[in-house]
Amino acid sequence: MRLEEIAKIIGADFSGENIQVDSMNTLKDATSKQISFVSNVKYVKDIKDSKACAIIIDEKNKDSVPDGCIALVVQNPYWEMAILSKYFAPPIEDNTLALAKIGEGSTVSNKAEIANGAVIGENCTILAGVYVGANSKVGDNTILYPNVVVYRDCEIGKNCIIHANTTIGGDGFGFATSKMGEHLKIYQNGNTILEDDIEIGSSTTIDRAVFGSTIIKKGVHIDNLVQVGHNCEIGEYSVMVSQSGIAGSSKMGRNVVLGGQSAIAGHLEIEAFNQFAARSGITKTIKESGKVFAGFPLMEHRTWLRLQSKIAKLLRS
Amino acid sequence: MRLEEIAKIIGADFSGENIQVDSMNTLKDATSKQISFVSNVKYVKDIKDSKACAIIIDEKNKDSVPDGCIALVVQNPYWEMAILSKYFAPPIEDNTLALAKIGEGSTVSNKAEIANGAVIGENCTILAGVYVGANSKVGDNTILYPNVVVYRDCEIGKNCIIHANTTIGGDGFGFATSKMGEHLKIYQNGNTILEDDIEIGSSTTIDRAVFGSTIIKKGVHIDNLVQVGHNCEIGEYSVMVSQSGIAGSSKMGRNVVLGGQSAIAGHLEIEAFNQFAARSGITKTIKESGKVFAGFPLMEHRTWLRLQSKIAKLLRS
Amino acid sequence: MRLEEIAKIIGADFSGENIQVDSMNTLKDATSKQISFVSNVKYVKDIKDSKACAIIIDEKNKDSVPDGCIALVVQNPYWEMAILSKYFAPPIEDNTLALAKIGEGSTVSNKAEIANGAVIGENCTILAGVYVGANSKVGDNTILYPNVVVYRDCEIGKNCIIHANTTIGGDGFGFATSKMGEHLKIYQNGNTILEDDIEIGSSTTIDRAVFGSTIIKKGVHIDNLVQVGHNCEIGEYSVMVSQSGIAGSSKMGRNVVLGGQSAIAGHLEIEAFNQFAARSGITKTIKESGKVFAGFPLMEHRTWLRLQSKIAKLLRS
């Protein structure tokens, strides 16, 4: 889509070069073919280093946009970004794409649906009721158990096992909200990437990124009923136990263990080799490594044990 | 079913007009074609205003039933109601119903199953592995991602998006228990209604009502792995974050935000515009509006923060 | 597989009778046709009573293996057990097995997949998108709602109802971890057994055992989004409310009620007739019976109520 058309959609004045825009992205990750936006004053500092060809921005901050980048000025940049996201959303399926390719030695159930544009590697096992969306790729030797759903444009590595009824690449939970309290979906035009040697349990949900990728790194093991939000990154050999969750844009290093029913809030970073006891609630970035944590609010596990004995004493008071 | 037959099934004496009964309902919501029951002394006060044509009741409370309403006296009304519920359950599928109607411009995968009696609106996208049950209706422009299951008699509005592996209208969790500890299923003969402009994540479960309807109002956004119990009502533009849950018969007003892993107990009412931090535990009706709550037991969020700092001080004692 | 081949796979010296080994099991449950292992010093005491024909064990403990049982000595028995588990894993599907048998009066959707070797009883209802794996059995009158997945070798009793998108017999969460932090899957070669008269909600996951069986006993009711780990045993007429979970190898007696979002840690035993309030966290075996518990750490419910009032008083200090 060209900038002039974009300006029209979001109701911004437009002058300058009518560049062809490929997609949307954050200020930080945008390329010169992408448009970005500033929805929060804390991102103003990122404008100067952004490679975006244009930025949706409000009147107040428009002067922060440097020469050579086009400012599209609107009242509510976050809302307009949501409006625009729909225009960049590809169709769910696309029959103009080539028929799916199935690698040698792979077994695909006739009750599975492999959409046009998808590529299945060699020696894969794709069971009944599986859905692999447009342009998604499944690596060699991977097993998709019945009713696994992989949305379009996702990548699953080699030697992975995905258990029944799990969803890879479903839409992240994102919307803009008007002053009247109405919500507008932000189309999640990124994807989900699973590297090699990953096992994921049943009825787990790993959302696709709003821009860019949600990434599950090599050797990760995820249990049943786990939630991974959009744009998360799960480090190599990390483990997420049943009913745990990680909210949008959080990252964990390698060999982190997240206990059952634990949760990590959004936009945090968790250093490698930390362990979290069951039902931990992590609301702050953790820069230390190799520790054991527990509780909500979170503390070191041994402190949590000491605190519980102090709390128990209250009963005697 | 006629009253005489019902009396026979539940082992009650019968005399009076042999009325044709359409279905079961609560005292409050029953019409003159419906039968109701009193399983708990706290509902005795509702008898006099009930329009039910007959009431299943025990010996002790039978005199509260007014003239013009037939009392069916049994030892254990709740158990007999459970027995009777099975007789009112329609078949899961019904091939005597008309073939499904598919609206103009809609795409229905040949790997989806649209049961007889179902109606799909215009410009819908129904992907592989979807199941839409008997008499269920899907509104215009709605997208059902792969393996979504909609049980019979449900309604989904216009412009909705339901993500993969989600279940709409599954049976609520209801049973009677005998003195010996054995459970008897209460058939869930109500339905689930989703209004317009709703988005629901993956592997979420929205149960059908035991009687009447579970209702998700216009513009609601529900994340992945969320539980909505039978007979709940979720107000307009409310938001339920991943792994949260609301137990049976609770209602929330509009623009409520329920944080991740939070839960609302059964039979409560939550006023509009309240927000609940992640892992809140709500066990009481909330009549205030526009506040932010946290914790379990629940308190205002700022109080919770203050309490946590007090608790942390115990470590120094 | 014969012992000599096994020794070769795991890099152990072998001498003695080259016995044909059927499968792997724990020291306690192994038969004379099974091989076992000692991965933890606490199990050394079980060696002398084990009927296993051979035991994978490290140098340090090898002398505990009695005459008549063959010790296969390796550096890391748990890792080698994981290596070996793959060799005992049957194929996911097996077309050399007989075509599935469908009992009289049963309805099986043509969009369901009943694998070779499976047996469906009489008067069952098997809806679209259901998958029943190799050699699995479904008892008379049982209903499998759309997209239920039953992995191979499982058993479901009579008069059961399994709701949509639920997975029975998915792999338990098991792996060995190397010193470098890499994980190796332990193939879950056991199964899941559901007895009669059971109802299970939507998007619930009941894992198969690593060895032996995960067992759900007669009359159990399980809600939506519940996790049951491998090798658990749920007693007769017990109830698990939505979003609760029980970790591997824990057992509960009959008529236990586990509240919503509660969790039981692994390897525990819970006596019959206990009740756990919502969000209880059970980390110790409970030998008492007939009590009501709450909280995390767990305590009697009345103590929990008293404690909360003490904690609330901290706000006044």
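A, B and C are the chain letters, set down in written order, and residue numbers restart from 1 in every chain.
Basically, contacts are C-beta pairs under 8 Å (C-beta built on N, C-alpha and C of every residue); 3 or more make two chains touch, one makes a residue touch a chain.
Computed from a prediction, not measured in an experiment: that's the story for all the values here.
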| item | value |
| --- | --- |
| Arrangement of touching chains [line / ring / star / complete / other] | complete |
| Classification of the chain A:chain B interface as same or different, half of numbers criterion | different |
| Rotation angle superposing chain B onto its copy chain C by C-alpha atoms, nearest 5 degrees | 120 |
| Euclidean distance of C-alpha centroids - chain A vs chain B, Å | 31 |
| Chain C, residues touching no fewer than two other chains | 111, 129, 147, 165, 203, 225, 243, 261, 311, 314 |
| Complex interface listing, chain B residues touching chain C | 92-93, 111, 113, 129, 131, 147, 149, 151, 165-167, 170-171, 173, 175, 177, 181-183, 185, 203-205, 207, 225, 227, 229, 243, 245, 247, 261, 263, 265, 281, 296-297, 303, 306-307, 310-311, 314 |
| Complex interface listing, chain B residues touching chain A | 109, 111, 125, 127-129, 143, 145-147, 161, 163-165, 199, 201-203, 219, 221, 223-225, 236-237, 239, 241-243, 254-255, 260-261, 278-279, 308, 311-312, 314-315, 317 |
